[in-house]
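Consider the two complexes below, in which subunit A is the common component and subunit B and subunit C are the respective partners.
Up next is the complex of A and B:
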């Protein structure tokens, strides 16, 4: 394989130069917007994380790594991190597993394919706040559907304030998140399934592979790129989760559902510790990046 | 004949340029909805000084909108535009710092809120305005004290409020009960109601902050006004036995006794009001800001009475009283004089009726309740505040630093949920106060 040698600007013909400039003209605006709204705030956040700033004072007192040292001994951060890890594990595995299962079932020729696809995808088009409000009603201790159903089938003892009980609040939130996200996984997996080589599935059938074996050894490997992408997205989303938690429990009861993003919000905006909040957001960013990088590298190595 | 559908890049640019020019031309000639100018026919247009006001009353607050209309009519040289903000705590600091904030803002008066803005130099000192407009003569001293930081006044506190027990008079009559005089009597009332399958007290603490009011009631009645003031000022430890007991009684003992609805941490403040409105619960421990709701026949048809939470072990009661929020003026206000005039108008004789009759809110001025057409409950509240101002306690969360408040709210949910003991919560409150002292965010309210 050969690669083309770089061409100098002066060597280009006028037509090629115009073409190159036109390309830049399309790229630069998006790049500027990205730099202004993402890169600049990112570097500002790094700077703020090195200060003790309340968000209002004109003077931002430089404290070096003070905020990061304080983070190490912050028990609430570790608790929030634990909740994020639970969220990442359950919140990643569950929607992908559900999406994969439903995707394969419908791909194999279920009737009403378009109808099912629409129904499963519906939660994805709802905003996070709307979803949170709907599920707040579903979990409502006085008139919520979950408790009504439990009472209706004689399981009164199981009815409870799902979001107010430290034992159930995080799982209840996770259920909401899974419901809101599995449709996205389903649609992406459905798209991936269109590229699955049917002849390989048929060959496996002729060779005597049962349905489970065809699924695990023939279909899933062909979906590996799709699954890698969804998993990476979900992992990052798991570390950044905010909306559902904030609207439904504000991190409560107590700190039972506090995650890093809500804890960051609390510190930066409710307690006016913007410097410390910025340090927390850096931790969140770092965790998302490192986890996603490790996962993608592992997948690549596995494929090789 | 066929027409080519292909377009060149030049066509695209030509179309885009033409469209942009058209939009610009239309924008230049279309009249604005409200230019804020007085363009009475035949007279030269007078440029009005614009005053942008941010508050937290809600977009459709008829009473506040009425005040704004009245001000704009009475002051042709100014034009107030009111914007209701639901997330003021998130955006105000940044907006003011960027010079894009409001001229006048209605914001929390605590050291963690307006105090932060004042110390950052983002608010305009109002000491001269107090003199100029003689506010000291009719605005209550507490409204000035609560909006002063480091010896400088920055605002006017508003919404005088008290916290106590509202009760359903019909239920009390039917059960042969009377407003209790002591804590033991109160517990007996709760037992009697519980025996009849009536929820003694509706309490929803999903929003977290209602617990702060409960704690304010019990710590005022158990520790006393002076000790509570000392603790708020960082001069008395929050893990003293009186404060531990102020947590133990309402958050542990009364929960265990079943004197509230179940699932306290999962029920919202609004839903607990619904339990009270529907007659499922007989009492509500909350603030006078609910008077409007409790006297509205659309919500509740039963008559509602009020008593202060009674004495515990024969101690003198100190029911929480204070101010909700306050009006402040931004350092970079476009028209400081206009902003002063607006604040002056807000608490003038012309508007007191709007606050009282229109919104059931008590403005921080000297007034005679009999001069206004208001509910008996609101009249009773005004008279109580006027007669007992000296012995009233404090709404703790309005005066304490923000880190203390977040710890307090989270911690009380944990105490209710049996994750934490009363003693542990008291220790955590003290630790939060020490952190606030270190950060210099504690307000001294001791005499």
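Up next is the complex of A and C:
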């Protein structure tokens, strides 16, 4: 924090006073809109989560921790959290691994890096609904690319309705998410690689380190900053994932792909259990805050 | 993969003399770079082929889709686009998206650059607290506030109007944008502002005439990122913008898709209408995109 506040108002020079007032004037418009449309609803979320309310009644019935006690015994919530867990594990490791692979391949000397970067990042700028439509098409039981290819190489028995089969639906959604996201990891990792000291890599080569050793012991440690950042970012994204799941499967078949965000949406906006929905949204809030907190602590330790 | 066997043969033969070793090394390097480009090109195709399918399918007839789902269209049918634009009301949704995106981007930039400047350049009581308050917004997902925000928007009669998307999006854009602008303003040389002040500028004109123009790269990076965010936003309009007349493109596409489930060419034409503008903006301003996204990540 570079803007250390001065000691006392009375001791300030007229210039410093004017600056301080101007400072508030600069911040106030943003602060007002942020306070009203962000901070206020945040506290209301906490309040709602302690009530039983259907969204229409004039009275919100205060139930204390009742919703949270109900959460603990809600098997659908635990199932959804389980899906989120699978989602954050696979959905974090794979795009970062792909991003690292592509980043290192280009960084260690490939032509056309701008062209590759342009293309890899392309899916990242697409809307979730467009991505969902594209991948619904790829998974289409009859015309979809996946089944066409499988049939083409004689593996007809593997062809199936990927999104309709509870066994494969979640993984199929994850593939979609990874497709839409590895370009983001790649771009961030490329930016991080710009700061990697290439002479250290060369020194390791002379010392006889093979490619893998150079990657693990020389390149990855120098990228640790960037890697923790993307990991935290991806984890938070995974805990809150909504769009792809909602458009592609609506959480189905059955509840096979229900994640906490789609479950919350359903409770709060489709089943009018606003209080319970708010409690569910608090679970997401907590997961995000804890992840951020761990990330900040890790960052502090790295900086020492 | 035939190349691998050659490698094995070569290594089995061993390096008998310096000349053979040189040849072997060159071959290995050649195979290495072949493999490198094979992987890079594989992922290029993985990125591009699905987008090709969108465009190709959007130009086919339903009959063509069934006969030849993955290839090029045999005859190009632009009518799908016309039908999506008019009957599917994508023209209307497109206009809605523009109507909400422009004020969102404008006000996010304006308010965030003001606040970022104030936090970076003007010391005042409580500025640390204010900054931390905005930073907390980076850690709290939209899902945490979406439920009460619905009832707040209802109470102030924003629901069912463009304001229901514009104003919350501005608030949601604040944390990252302020963080971003503050970092940029902190990096600019202090002397510039001081010199302008001596010349008689007040705080606001130092900001407006000197500092903001200098922050051009940061502002344009933020413009493209915020535009992408506003154009692609999904959950927020899904909750607050359901009314048909005000739906933005993305939401229009979602409802359109569920109405025309079996009409793939038409759905794909709709997807292309949503996709193409943002892809063009990205291709034109891609350096700004990358700068904006990587600025916070890499120190």
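Please note the rule applied: the second predicted complex is superposed on the first by the 285 of 304 C-alpha atoms of A that agree within 3 Å, B and C clash if a C-alpha of one lies under 4 Å from a C-alpha of the other, contacts with A are read in each partner's own complex, and residues count from 1 in each chain.
In this section, contacts are C-beta pairs under 8 Å (C-beta built on N, C-alpha and C of every residue); 3 or more make two chains touch, one makes a residue touch a chain.
The shown structure was predicted, so the numbers you read here are calculated from the model rather than taken from an experiment.
When the shared chain is aligned, subunit B comes close enough to touch A:254, but subunit C does not. By the touch criterion defined above, A:122 reaches subunit C but does not reach subunit B. Of the two partner chains placed around the shared chain by superposition, subunit B is the only one that A:272 touches, whereas subunit C remains out of contact.
By the touch criterion defined above, A:45 lies against subunit C but remains apart from subunit B after alignment on the C-alpha atoms of chain A.
Within the superposed three-chain model, A:56 lies in touch with subunit B and out of touch with subunit C [touch as defined at top].
In the superposition on chain A, contact of A:22 is made with both subunit B and subunit C. Set side by side, subunit B and subunit C differ in how many residues of subunit A they touch, and the one touching more is C. In the superposition on chain A, A:96 contacts neither subunit B nor subunit C. Legend: residue contacts after superposition of the two complexes on their common chain; A:160 is shown touching subunit B, with no touch to subunit C. Comparing which residues of subunit A touch subunit B with which touch subunit C, the overlap comprises 22, 55, 140, 142, 269. Residues 22, 54-58, 139-142, 160-166, 249-256, 266, 269-273 of subunit A are the ones that touch subunit B when the two sit in their complex.
Contacts from subunit A toward subunit C in the complex involve residues 1-6, 9, 16, 18-27, 29-31, 33-34, 36-42, 44-45, 47-48, 55, 98, 101-102, 105-106, 110, 116-123, 125-130, 133-135, 137-138, 140, 142-145, 148, 179, 182-184, 187-188, 191-192, 194-195, 225-226, 229-230, 236, 239-240, 242-243, 246-247, 261, 264-265, 268-269, 274, 277-278, 281-282, 284-285, 288-289, 292. Contacts from subunit C toward subunit A in the complex involve residues 33, 36-37, 39-40, 43-44, 46-51, 53-54, 57, 65-66, 69-70, 111-112, 114-115, 117-120, 122-128, 130-131, 133-134, 137-152, 167-168, 170-172, 174-175, 178, 186, 202-204, 207, 228, 231-232, 234-235, 238-239, 250-251, 253-254, 257, 264, 267-268, 271, 274-275, 278-279, 281-283, 286, 289-290, 293-294, 296-299. Of all the residues in subunit B, the ones that touch subunit A in their complex are 9, 89-90, 93-94, 96-97, 112, 116-117, 119-122, 206-208, 262-267, 271, 275, 402-403, 405-406, 410-411, 413-414, 416-417, 419-420.
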